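Below you'll find the structures, each written out as structure tokens.
After this come two complexes, each holding subunit A, first together with subunit B and then together with subunit C.
What follows is the complex of A and B.
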């Protein structure tokens, strides 16, 4: 199997948690990555999860089983998707990152706080329409 | 200010701050100690709030983001080749590994094959970088354990690797050597001989390190049984690299998804048994040996030929997405690129191994002493540049 080959699963936000529970039961025990893409023109934020199935043992060739990429699209105005942190504790910080940078809410997350930016930060910088409203810094040497 | 971006969450209400989280359920016997972000034992700007009962850790709350530079946002405004120097500044201790992951991702998106010589050179560089990175870790880890000599010894040897990189790339830390389609220039005269001399020297020095450190009773007392992590825990916490392999899961991307020429090379994947700080140490020490073996094999089989493939002047990968994983010194390093057919990435996400590995801190430090927390954090080998991005 080539490294690019990921089984792809597309689910509705309503069926997301159910699908993830089934995948967890099916032996996909590690979340390699969880991230999001802001499709501003289509008015959706796509949440992408990369799942791996790993197995302890001696032979490194048998360690990796299935590789699955799960995609969900949530509304851009009030993005919200069930948290999967209760299934995989390792996804905790990934969900916090997506919350911080895209403003996606994860109901069911035990500790949803900003992670990259500070507590007083306003806005979600990886959204395509994010505007940095802080005053521009003064140039020390005036430009010619 | 900020009405446009500051919308309320669907569930409503304010989300708590770290202060609220740590003070919740605080017993009157317990105290809170903020370790970092400026603390000599946290390797960068990592902050961990420790909840202590006496000297015993009741809970730990890692707090990151002090080095956040918005690299993923910056990438959206830059062209594909422009972003290569930026990758060096993520994991600045192992810059070659970052460049490699990024260019592999873009090449897969474009369906580009690199010439064989370039693939060999890339593996040589990546493995030398792994040696250099593990030496930095070993030196810093030794310092954490009170063995200050280790720092001097390790940096002496690391200097030799840096000199090799300087010879080949002209830079000592941030190389920008890997290019989309190959590498910037061929190996200079004398590089192969100097690398062989380094491998010979390094093997002798590794014996010295073992004499100094591995059998040391003080070192063993401070690391054996400290911060254990079971295989199931490590997998579920998204740990990769030596942090995962120390717990007995031989997940190494070079073996499971061989990229470049790794399927042609012979090497072992060292694994631990107990998943404690000591096993993570042993894994890294073995990995240095395996990396030296890999470099040697590549030098022996180094083919002649071009080092750059034919690449268009303006790089515009077709619309699509790619998730490229490689084995960086700290674990599985991934880059997720979404292209919309223009010269700039539509979205670029960096899957940093230590970002995930840091999540083991609460589970591994609970019940141990503050001094053990230093050992456990040291064994993760954190580089905040890639954690905060």
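What follows is the complex of A and C.
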């Protein structure tokens, strides 16, 4: 898939859910991916959603195989973005993953629990300032 | 000879285990513990705990027709209740650790564990990670360690033969498995 084939949308967090509803109604009926990037220097966490159309919808631009990328930047201190699980049920575990690894809250998610790490885990490991606070143990490979 | 007699020293190898009676044709005389241990070592049904690439390189390759684990009497069982041996192959995460412990406790005694590959032994290249358990022996007792990244199927076979050697030294009642290591001591041998 060449980069030119993607349409990219950048939205504010306040208009995120509205945009996603419109795109869903327009016929983009599959979420390929939902992930995040921690921009520590800018103090934001960028949530990125990849959408794919598997059937033509109401929107005349919406052809088969249309791909759209939606980017939203949320504050790093209290990251929170509306859940799109009610629109695409398949995105449930993706949002749980972003919650687990980046600490982004998804209001409206039916079951927001950690998914990769165990229930007692402290911190969000893919944040740039994450430190492993478990007690230092033998046989750990020292980091360079 | 009582059932708990563990003083009888087993002879090396299987050749002397069964002797045809010289005076009574059709009668075999042997020791009970040898028959039991022979049964234990020759039908170790294993539960494959494939967690990563070692499961492909070892358990699948060794179980397929080229190497053929079946000829040692080892069959794959999907249920811990029917298994005697657990092959832990791959990186153990902290999320998976309680599940491994539960499945181990569900296995019928006597139960054995083989740790396959560097990850299952000590965490391997992921030992510095935030979610890695540094060896499955932190959770359950391990009988045989098979090192390698991944080990060859021949190495797994050697490990199984070592385990069979261990089983042959059992009395009628197998010894209770030692407890899992809680924390490695300073300067202890890994």
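List of remarks:
Just so it is clear, the second predicted complex is superposed on the first by the 124 of 144 C-alpha atoms of A that agree within 3 Å, B and C clash if a C-alpha of one lies under 4 Å from a C-alpha of the other, contacts with A are read in each partner's own complex, and residues count from 1 in each chain.
Everything that follows uses one rule, which is that a residue touches a chain if its C-beta (ideal position, glycine included) is under 8 Å from a C-beta of that chain, and two chains touch if they have at least 3 such contacts.
If you're wondering where the values come from, they're calculated on a predicted model, not measured in any experiment.
Set against each other, subunit B and subunit C touch different numbers of residues in subunit A, with B touching more. Of the two partner chains placed by superposition, subunit B and subunit C are both touched by A:116.
When the two complexes are overlaid on their common chain A, residue A:25 makes contact with neither subunit B nor subunit C. Residue contacts after overlaying the shared chain place A:103 against subunit B, while subunit C stays out of touching range.
By the document's definition of touching, of the two partners only subunit B reaches A:91; subunit C does not. When the two structures are aligned on the shared chain, A:130 is found in touch with subunit B and with subunit C. In the superposition on chain A, the residues of subunit A contacted by subunit B and by subunit C overlap at 116-118, 125, 130.
Interface residues of subunit C, counted against subunit A in their complex, comprise 94-95, 97-98, 122-123, 125, 127-128, 130-131, 134-135, 183-186, 188, 190. Residue ranges on subunit B touching subunit A, taken from their complex, read 1-2, 4-7, 9-11, 15-18, 21, 64-65, 68, 70, 72-73, 108, 231-232, 235-239, 244, 247-252, 255-259, 269, 271, 322-325, 332, 334, 336, 338, 346-347, 349, 351, 355-356, 358-359, 388-389.
Partner subunit C is touched in their complex by these residues of subunit A: 116-118, 121, 125, 130, 132, 134, 137-143. Of all the residues in subunit A, the ones that touch subunit B in their complex are 3-4, 6, 29-33, 35, 37-38, 48, 50, 54-61, 63-64, 69, 77-80, 88-94, 101, 103, 105, 107, 111-119, 122-127, 129-131, 133.
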